[in-house]
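Two complexes are shown next, each including chain A; its partner changes from chain B in the first to chain C in the second.
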Partner chain A sequence: MADSGETEGPGNKDVIERAKNDGRELTKEEKQRLRKEKKQQKKGKEKKDDKASQDGEKREKKPVSSASPAPQPATQPPTQKAPPAVPALVPVPASETPPPGDKPAKSKAELKAERRARQEAERASKQGKKGDVGGQQVAAGKPKAPPSELQPVVKRLPEYMQADNPEVLKKLAKKLERQQTPEYNAATKIPLRSDYGYKVSLFSHLHQYSRKAPLTQQLSIPSTVIHPAIVRLGLQYSQGIVAGSNARSVALLHAFKQVIRDYTTPPNEELSRDLVNKLKPYISFLNQCRPLSASMGNAIKYIKKEISNIPSQCKEEEAKSKLLTCIECYINEKIILAAKAIAKSSIEKISDGDVILVYGCSSLVNHILCEAFEKNRKFRVIVVDSRPRLEGREALRRLVQRGISCTYVLISAVSYILPEVSKVFLGAHALLANGYVMSRVGTSQIALVAKAFNVPVLVCCETYKFCERVQTDSFVSNELDDPDDLIVTRKGKTQLEHWQDVRLLGLLNLVYDVTPPDFVDLVITDLGMIPCTSVPVVLRVKNVDQ
Partner chain B sequence: MELQAVLMAAGGGSRMTDLTYNTPKAMLPVGNKPLMWYPLNLLERVGFEEVIVITTREVHKMMSSDSKIKLDVKMKLDVVCIQEDGDMGTADALRHIQERIKTDILVVSCDLITDVALHEVVDLFRAYNATLAMLMSKAHEFTETVPGQKGKKKTAEQRDFVGVDQSGKRLLFMANEADLEDGLSIRKSIVRKHPRMHIKTGLVDAHLYCLKKAVVDFLVDNKSISSIRGELVPYLVRKQFSKTTNSQKIKDDAEDQNQKKNDGPTNHELLISSRDEPLLQLAQERSCWNDHRGDMSEAYHGGKLRCYVHIMDEGPCYRVNTICREANFSKCYRYGIGVRLDTDGSDIGYYYYHYYYYYYYYYYYYNYSSLRRRFINYRDE
Partner chain C sequence: MPGPDKETDLTERIEAFLSDLKRGGSGTGPLRGSAETARETTALLRRITAQARWNSAGDLMEIIRKEGRRMTAAQPSETTVGNMIRRVLKIIREEYARSRGSSEEADQQESLHKLLTSGGLSEENFRQHFAALKANVIEAINELLTELEGTTDNISMQALEHIHSNEVIMTIGRSRTVEAFLKDARRKRKFHVIVAECAPFCQGHEMATNLSKADIETTVITDAAIFAVMSRVNKVIIGTQTVLANGGLRAVNGTHTLALAAKHHSTPLIVCAPMFKLSPQFPNEEDTFHKFVSPHEVLPFTEGEILSKVNVHCPVFDYVPPELITLFISNIGGHAPSYIYRLMSELYHPEDHEL
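Up next is the complex of A and B:
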């Protein structure tokens, strides 16, 4: 009878039904009323919930209307904003002292509340039979969800964006300590790289490392904690020997192949779980050497998924060879074939007599231009370059080596040269979920000026660089490179040599910036040519596929 | 495992026979510790857990009875004894232990005393995927003459000419003056690829080398090379710029005539490719980095064999291989800041940590004649 659906009848019926289930429910209702009173009295105080039955009740409150979760926030960590429904409910039951027998003097709202509480209690009793333990955990998880509907959610910022918060740094150091390979004791851990130099205040939440202090000086030389291939890779990242989104991903996957080859499953462990745990300290190490790029992040997610999908009865050799082929397939599909597909689509967009502007050194754009030149399109290229990286020189070398006629300018001359340009091809480091393009710093300037001159801007990007992050400005998440790169020696004089001694001077060497979708006319991906705003669609389709 | 350490402790000390007539060079006391303790300590501090020690039977016996080495050195020492006749060069020794070598090696000489940050040398080896990475240091001028010997000027014919590129890291040229008959000749291919080269003569070779495993395999096949420093290193440095071909003959280069026969078949062995060579190649192609600029070639000029050197500017780096050096070094060591040290070494113990600074402090003391007298006593012991 308790399970039959309750009808919203008049108050008398409720009274009778309540009388039937007197022993258990009333106490629960009473407790609810007490809770409401307490909440009204002591707002912002944390209440402890020590009864399992109440946990069960809380579980039920989520599907019920927003008024019912009102009692719950009372037992949660302090809430700043009391939901509007609560004051409505709270004074009503609080107005009368809650002896169980005091029924006739109840108002309509209070009866409603009691009815609701009864429904929940019945549901609780139903599910309480199913299993208390599961309920406990779910209750722990679920109560977090309703408060988020009612109040501003406090999102947790990733730790790489909290370099100026000492607690976060301490937590990071502890996390690196804990992340060791299991066979070594606590003496060996991944070192924490310390920041270098004065950081401009707007970017003080980011890390800034010096190239002259590599992470390897804190590691032992025949590196035993971290696989030598990963140490080598980290060193190459921090010295800039492997630079560029595609190159970094390929090098990362190559290093992971070596790690997998050298991996042996410990006696009581499963490969699918242990290997993922083995990779975690390596990934933190690489993150310390240089913050991971979006493409690397996607590659790591893919590998972790493949590893955890290995069936447990699979033998080690078989599993390892399967993983190695997976990695090779990934590289082949997402990087090599994607580049071919993009080149094919882009060549349609390049017509004879075109003047194409490129910025910096994007491996994909260089590939496209070389392919187009081989297909006998007649065009010339203007390479725009910027300090301190001066990557355009490398792009210039690669294009001229093929025979393409090029012009080289610095970014300060972009508005001078743009009247000559017919198209702009840009590469991307990542495409964000709101359509913004994250690329080398200076790209948004080029796109802006091109828009002002009505020159079409085409961004070329493989789909594996699409990332679910949303960013509208270049400040919130970026990368700070070594500030000493900005120091230059001309005619034997180095003016900025002692920049650290000047109190009011800070050197800022940003690596990335975001370009809004208004400036981008087309994104050429391996799925085809899409407008910038279709990126979330692609992401959604990708997730569904997986 | 990444690196295996090999300590060469079988040297005879040919330039310090006055001191080595009784004890082998590796066990000569410097301060209160035998000479080979210093490189072992360097390796231990950096994090090595095992070392292969190549030495003679006599030294091995002294090592096992020596308390300093037994107690202080926590690493596992895998001692390989070789004959004492002095015919075996360092490369021959490597060939001898070839089956123990499973990864890249770090070869150290027993007479090296330094506090270099080893990661600088090894990082060059790792980051650029080098075949050889070595350590050199700017020579410190020892103004003190050795008592008991006539003023013997250091002859200039022992100079080493070392050519490095603009960054100061890549080793382009190495030759000893004794090998050069009538002038320094540099191949055109080097100059074409590296138009700016710095040639230095005042460098001390620390005899610390990081070598790839492929080099050891190459040594096994080429029994003509017997010394690492004398033959192998100049060979590798030269090999960087020779035309890399597997099957076709090397084109004529005037200087190459005598080596043409050797270069052909041995070339491909040094360029052993790793299993995922195409992936590495792809990563390098896609990377927008180049080690040089100004010409049309890709990173490293497409060369697979690379030699790097780390040149220490400051900090001690001594090779104890002549009497003059040994004398100066022991003197610095023993006559420290104000405390007179006993020969049994009981007071010297804690000075180990300060010995680096002795070099800078010793010129305050070298005028004291009393100290010089004590030095002569040491020589007689």
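Up next is the complex of A and C:
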């Protein structure tokens, strides 16, 4: 048997010898087969363990001072431990190559000693394995860990950008279910809004809702989970009654003020933790009505921070009034005073005889123009508008009421009117960290044509709208509005009336687009006039301040 | 008497045509395509040639010029009328030259050398009478009519050379030529079309419904989203109202923005324009270039309070400079914009540029 054993792989030699020593009577083919099967099974599992055990062994070998001469893996000892009928333990750390070369024949006693030493080493290594594995990983992780002052890069992708991933949708549905006070049953959960209509394939990762099916239809009355002020706010958002970045943020903050006023801390709860938990379902609800804007996101972050900073020994009334004043302060500083500061800087840029082009309805730009008019600057304004929102008409009304002379065109006529224009003032929805300006769809087009005609483009934006996101095109993160808005009746014919029935026809109603920084000449903020590329600097300074 | 009847009949037809032109341009009457206008103009000119009284080529040219001036005055933006008149005048010149026996090439090339050596302009007053001139001219005009009828098909036949599969093509407004072009390509290739609706007339909607009925996957976008989606577009294919003498375009408003966006993303801009749209005008005439329609389309009368205090513009056309255009596809093949001047010299005689 031994002779025939030698013709096989060297790894089997010792085993067969041992088996002979143990008195097992399996045929060598069977043994070999079984061993090979188990080896392959255990290979993947034990690879890691083996590596750790290898290192562990190597480290442990010195203190253990085993007599084993060859750094063999502990293949052999486990077979001694296990009952002979279980050859499974044979290939335990099987990824190691079988003992290289031909081992010189050893005497029985030497082999026994070897085996015992190996057993002890294995036991010790198994104990040290856990610590070692951790140590090894830490050692491996150290060079890869980023320096402490940089933020972790791995971010969770927001849900509203994953409308085509069914798992994410399921998770969201569960989350909305969970966000309810425990004493009420599932009938009062926050409803999940469903998509409407055929989505253009490029945008299948975004949601597309219909204005005719507001979320509040699915809520029970009275809604016990959501504060009525928030329900009203959500409805106003989804129907477009409150629109515009500043307006939405201010409305949100006022609604939160109402929530805080009506809030009472339940017994055995801390205000700082409970209030934040109470706000979570409201925010999910608002997100379902209309995706949150960057300014709203920043405002919510601020509020949550303020709430969690309330010391626990603070009395409830005191805490509530403190929070209310914080919110007032935020609105005052970041929106109202910022608008004043921006208007002051912008007026220097408006000279007499200017022809200023504005797009859509930006509350900040309207404010600037009205202020400049009060300061007796002589200029006239061209308001550019686009379908289907036609927000420019609102801006037109406000400016005409003040007495400013205005012209009104649609965006397709921009290249006709631009030779007359001396400056372009644009508002922004958010300023991204790579210098791109996210604003109403059509803004990038106006900036492009203005650049072609060499007309300076100035963007006015408060600093609370700066956000950490980066984006290079208008596809990855956007908002899809109701596609039925594009339908229009001209001369009694509505061409697109039955667009849903036509399989191959899709309507796309984008809300935002991003303008590259080379189209923008100047950004006017409450911190001063900066180029587009200085946005991350401002963000860093703000973070350090906070 | 057949003479005066014919004449009154002719004048009636001319008047009917003129009033049609006047009505059609304001956007309220049934919108007719340029091909139709070209055909009708040519048919009318053939009738004039057949029924009016004239002795020599010069007389005929005078009559046609006079009627032509009236027709272009009725609707200045409809340049195909003027183009057809110039084509017919060139035909008359050619036939006259052929009847006289001299080769027309000698008259054609006004090279600097010729100007210096010929010693003054040849006195062509077209006073000679040729009996067969009438028949020849009518035959040539019939050839022109056949050519006009085949233009759309000729352009569509080239579609497969320019569109490959899985492309995203962008277009704006409604152009019958582009519609036929894309439908022809659809027979063999599968692609996706994005149509910009082109406010305020929103002709893009009709284009989109027609294309989707022809089994082409179509998306309608607003004018404001042109730059936003341009990064995913492979080609821009547009039609135009007129091709100007410098290779620029007078196209529907919004086309200049589209061309700028395409240039920014280095997307090729292809213009499908039949030869009868080529006009010897240059875009310098600022006053006559633009055409405006009622601003009611832009700011309706329902916005009453502010209407009186606001200026509202609704231009119909846009100028697109030739640098932004990659290729012209016409019924005689594809050309670069820099070649347009040469084509023009083949189609029209320089003395006819001013009617």
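Heads up, the rule we're going with is that the second predicted complex is superposed on the first by the 385 of 546 C-alpha atoms of A that agree within 3 Å, B and C clash if a C-alpha of one lies under 4 Å from a C-alpha of the other, contacts with A are read in each partner's own complex, and residues count from 1 in each chain.
Everything below uses one rule, namely that a residue touches a chain if its C-beta (ideal position, glycine included) is under 8 Å from a C-beta of that chain, and two chains touch if they have at least 3 such contacts.
Quick caveat: nothing in here was measured; it's all calculated off a predicted structure.
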| item | value |
| --- | --- |
| Partner chain(s) touched by A:216 [first = chain B, second = chain C, both, neither] | first |
| Which superposed partner A:416 touches (first chain B, second chain C, both, neither) | second |
| Which of chain B and chain C A:365 touches, first, second, both or neither | neither |
| Partner chain(s) touched by A:275 [first = chain B, second = chain C, both, neither] | neither |
| Touched partner set for A:319, first chain B, second chain C, both or neither | neither |
| Which of chain B and chain C A:397 touches, first, second, both or neither | both |
| Touching partner for A:286 - first (chain B), second (chain C), both, neither | neither |
| Touched partner set for A:441, first chain B, second chain C, both or neither | second |
| Chain B and chain C footprints on chain A, overlapping residues | 393, 397, 400 |
| Contact footprint of chain A on chain C as seen in their complex | 197-202, 205-206, 208-209, 212-213, 215-229, 231-232, 253-254, 256-257, 260-261, 264, 290, 298-299, 303, 305-306, 309-315, 318-319 |
| Chain C partner contacts - residues on chain A that touch it in the complex | 200, 202, 386-388, 393, 396-397, 400, 405-417, 440-442, 444-445, 448-449, 452, 473-475, 486, 488, 490, 495-496, 499, 502-510, 513-514 |
| Partner chain A, residues of chain B touching it in the complex | 1-5, 46-49, 106, 117-119, 122-123, 126-129, 276, 279-280, 282-290, 293, 296 |
| Residue ranges of chain A in contact with chain B within the complex | 214, 216-217, 219-224, 228, 231-232, 235-236, 239-244, 246-248, 250-251, 253-254, 257-258, 331, 335-336, 360-361, 363, 391, 393-395, 397, 400-401 |
